[in-house]
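Look at the two complexes coming up: subunit A is in both, with subunit B in one and subunit C in the other.
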Partner chain A sequence: MRVKPRRGFVAGKWHRLGGVVSETHACALALLLSILLSSAAFLLPSSVLWVLVTINAGLIAHGLLLKKKIAVLLRLAAVQFVTTMGLYSLFHGESQLLEGAIVVLRVLLAMLPGWWLSSTQRPERLGEVLSWGLPHQWAFVIAASLSLLPFMSRELQEIYQIQCMRGARITPKALRNPKNWPEFIYCVLFPLLIQLLKLSKQMAISAKLRHFGDAAKATHWPSTRDHK
Partner chain B sequence: MKPHFELQDALFIGFCATLLVVLKSMLRLKLGLSGHSMFLMTFFYLLCYGAVGRVGCITACGLLAGIVAMMLSVGKGGPLILLKFGLPAIAMDLALLMIAGVFKLRWQCVIVALVGCLAWASKGWVENMLAGMTQQIALTKFALNFVQGGVFAVGAALIVPTVLRRLQSHDLLRDHHKNYK
Partner chain C sequence: MNLIELKGIQFGYDTQQVAILDDLHLSVNHGECHCISGATGCGKSSLLHLIAGELSRPLDGEMIRHPALMVGLVMQDPNVQLLRQSVGAEIAFALENLGTPSAQMLEKVQQSLRRVGLYISIDTPVEMLSLGQKYRLMLAAQLVFEPNLLLLDEPWTQLDNHGVQELYFVLKNLLSDGVAIVMVEHKPQAFGKLVSHLWQLDRGKLLAGLYLPSVPHGHKLNIADTIEIGTAAEERVRIAPHRFQFARRDILFRCANTLTISGGEMVALVGDNGSGKSSLLKALAGIQADIGQLPLSVLGKRPKLGIYGANVCLLLQRPSRQLFEQTVLSEMQFSLRRFQLPLARAERMLTELGLTHLAAASPHKLSYGQQHIIALASLACLKPKVLLLDDPFAGLDSVHCEKVWQLLLQLRHQGSAILLTSHREVPLDDVDRVWHIEAGFLQDKSQSMVLVDAS
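Entry: the complex of A and B
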């Protein structure tokens, strides 16, 4: 009978650990790059803006290769373009339209790195990077909130559909009128808030019973996706 | 963010922040008006203040909402979205430090909401000035944003005391929040 060597198991474990660590560091670098590029969009002079355009074109290509959607961002840029150019033509005539276009370009260049970051990085890795600078309690709160996201969305949709069936004026068409927003709050948000208040109390008791915050160094449960 | 929030309060703040981001992404109100996001933002920030009852909870909620939005790619702003949620929250907390206990809750909510809206519009103004926009247009945009955002923010601020009273009637708020007049 052949026994599997222990070394392989250990090597595999280290390989997995190395994969997680390098992925987290790559995410941290991506976050840093994203912040730098967003800031550069406002700070660089117009003459060297083409460098930023080239880098951002690369980011767009990377995102599109991963089949991420960019339509929402483009719609936002179009609205920004129309309003800004409208105001420029109203106040300055046609003489400064080019300046207006550069302003819109800068705003778009500030938003693109964010789109790329969220399209290419996994939320749990981004959360891990952010937790480096956060106290353990708040890192726990973020993790708990994100893990409850499916529950919140499901509850929200269920309550919304039930209230719609009852005839509440909260359909997407009705909500275009801000007069109906208070009804949305009383019909949908209020029951959900009651649940969340109760849930936060239960979770806090549950965490304290499991000695949350007692240990000097916090421990983390690994992501199940990391093992695949 | 102060570390000495109780875990229950911190969790409620986190849930409010997440719900704010989820609602923002789910509703996607295509109104063509800038400033409608101030409605949800003001509502949840003031609700956190009402439920937790401590200065600093609005800032915590704003920064958490920014982090969650950044992680879920809501708003497509990346790191800038942190400022979008964080700045009004910090301004609202600072305003609360100055006016807490001076006015009735309703007026306190309205004033704090307007301060938050001012910070939100100022952030857009600074961005536009950094992008090289002329001062005339940047100021016009600032004024438009403040007026539009202010209407939505005040609308949300007027609802909050009623919601808090209802939550209190369900015995879900603690003893130190008994006067919601």
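Entry: the complex of A and C
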């Protein structure tokens, strides 16, 4: 069976700009931009956060154009918003709610560039860029961890649904009661952690059996082959 | 040329337990195909990992490896071996680690793809491949560094018949090229004449011959079997004609006729890997996103998560994911407690399955087959009106398969409507009806077979 390849990565677009910037260089720029934006989310004063919001809106639009899913991140932000606002209301009263909302916004703005980076850049290219400054092994681990994010969100969703069907008190309504929060940890996060540990072990075996760490200096799958 | 020789190998994971490999001998030469069968959890996969030189625990005995030995291993589930997002990068991973110059990679990668019969673009995202294609991709990812010994862990289990057939010809070519193969497989018949040495792993030793468990095939349906509760005619599941497709994707399959399942009926849904079986099951449970509004009805309602309580249960693939309690008994009692049903059902179920000795054990320390049974039993003791099972026999040996059948027959007898999926043909003797997803259509094949017989 022939599978029609999907075009979605930024690399092709960079090439169309005239081949001035290679996919690896584009990835390096994307990584740098993500780090700057994530850092700025915590360092910038509240009065100029709107600039970051605008830039991040552009990143979201780019990701959505490439048909990447953002629902999980937004759901996480919603949970964080409800929790943080609840705690602010409890400890500081209504007068500090705006500050609470800004804290949540800053965390979301710090996470969004990471989502954009992992959605638009190939792990092997990230690995290549990271290996410019880090040992090859470290670069691989970071790149592999980033590529695990989509897997984690799928597993989290499936385990949550399975346990809901088994009667666990973890439905959105049940989770309004803090008494049920430990059940979410035991039923969902604990099995997810076990799955992640198993997967990371199997990935490590897979990498080792394919000679990971054997060569003193690893080479890289070429990013410019399409041109050739 | 002798590639590897194991002499008197003794190996175990726990010093307090019996060694899983005990005085094991094996010798593998160029161009030989060894097939090892055995009960689930007897140590077959451990043996493969040991041959691959990847087990870090100490072992007794002697392992002589030829200096030129190069081993490739494809594990049971190719998904857990994937490290990259595109086909080319996945295959090139080993070349990168061996320091192959980038300029030489493209040709080697394309050569490996052709060798396993995958004619796809090197930029194809890995997530777009079917399971069978992923298996061959992993094979290509090994062949690219030209191993002379290839280890395969239960290829038949994960692949559909089409995938097995494709793999057969790939292996045949490899053997003729002099590559040695050691595979762990419950169904060596699937690879017919390729197998030159047939072994069974029994109590840590390799004995010549095929593992044949002494479990009778006693699960045939007795159509006259009376259903306990007078609910046989009650319709539980209704699938009206529709087109099944994800948002902004091609149609997965069409359902032209209305399909139903009544209480006390067991239906098998058969289709190749990636045909949409699991997605349909999830849609019936109300947990499948991106499919829009489909004309599905379960217990008279449009499926939605959380509206059925204990009446609808779903067992997804890799059921060990749902285990989290400290003991098997508390795991089985969890849902009973939440739905306020008698806790004694859990102990009764363990007794019926002959698993009372596991009641106090940690579910995380059980074998794959045992975890599978416990996950299913924890749903079965709820006595659901509708039970949906996604490939419940995957990866199980015949002993555990028989236990699963035993449970399903019991539930059917109690009036449950059961829909189970399989990527292999299920005999009509074993279930009430068989639905097929074939050539893009979902249909009740048993009905058409009856019509053919009648004509």
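In this text, the second predicted complex is superposed on the first by the 114 of 228 C-alpha atoms of A that agree within 3 Å, B and C clash if a C-alpha of one lies under 4 Å from a C-alpha of the other, contacts with A are read in each partner's own complex, and residues count from 1 in each chain.
Note that in this section contacts are C-beta pairs under 8 Å (C-beta built on N, C-alpha and C of every residue); 3 or more make two chains touch, one makes a residue touch a chain.
On a predicted model such as this, the values are computed, not experimentally measured, just so you know.
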item: Which superposed partner A:147 touches (first subunit B, second subunit C, both, neither); value: second
item: Touched partner set for A:171, first subunit B, second subunit C, both or neither; value: second
item: Which superposed partner A:63 touches (first subunit B, second subunit C, both, neither); value: neither
item: Partner chain(s) touched by A:138 [first = subunit B, second = subunit C, both, neither]; value: first
item: Contact breadth on subunit A, by residue count: subunit C or subunit B; value: B
item: Touched partner set for A:161, first subunit B, second subunit C, both or neither; value: second
item: First (subunit B), second (subunit C), both or neither touched by A:212; value: both
item: Touching partner for A:203 - first (subunit B), second (subunit C), both, neither; value: both
item: Touching partner for A:190 - first (subunit B), second (subunit C), both, neither; value: both
item: Overlap of the subunit B and subunit C footprints on subunit A, listed as residue numbers; value: 123, 144, 186, 190, 194, 198-199, 203, 207-208, 212-213
item: In the complex, subunit A residues that touch subunit C; value: 1-3, 5-6, 8, 67, 122-124, 144, 147, 155, 158-159, 161-169, 171, 186-187, 190-191, 194-195, 198-199, 202-203, 205-222, 225-226, 228
item: Subunit B contact footprint on subunit A (complex, rising order); value: 31, 34-35, 38, 41-43, 46, 72-73, 76, 79, 83-84, 87-88, 91-92, 96, 99-100, 102-103, 106-107, 110-111, 113-119, 123, 126-127, 130, 134-135, 137-138, 141-142, 144-146, 148-149, 152-153, 156, 175-176, 178, 181-182, 185-186, 189-190, 192-194, 196-201, 203-204, 207-208, 212-213
item: Subunit A-touching residues of subunit C, taken from the complex the two chains share; value: 49, 52, 54, 71-73, 75, 80-86, 88-89, 92-103, 105-106, 119-125, 128-130, 133, 141-142, 145, 248, 285, 287, 305-306, 308-310, 312-314, 316, 321-324, 334-335, 338-339, 364, 378-379
item: Complex contact set, residues of subunit B against subunit A; value: 1, 3, 5-19, 22-23, 26-27, 29-32, 36, 39, 43, 47, 51, 60, 64, 67-68, 70-73, 76-81, 127-128, 130-134, 136-137, 140-141, 152, 155, 159, 163, 166-167, 170, 172
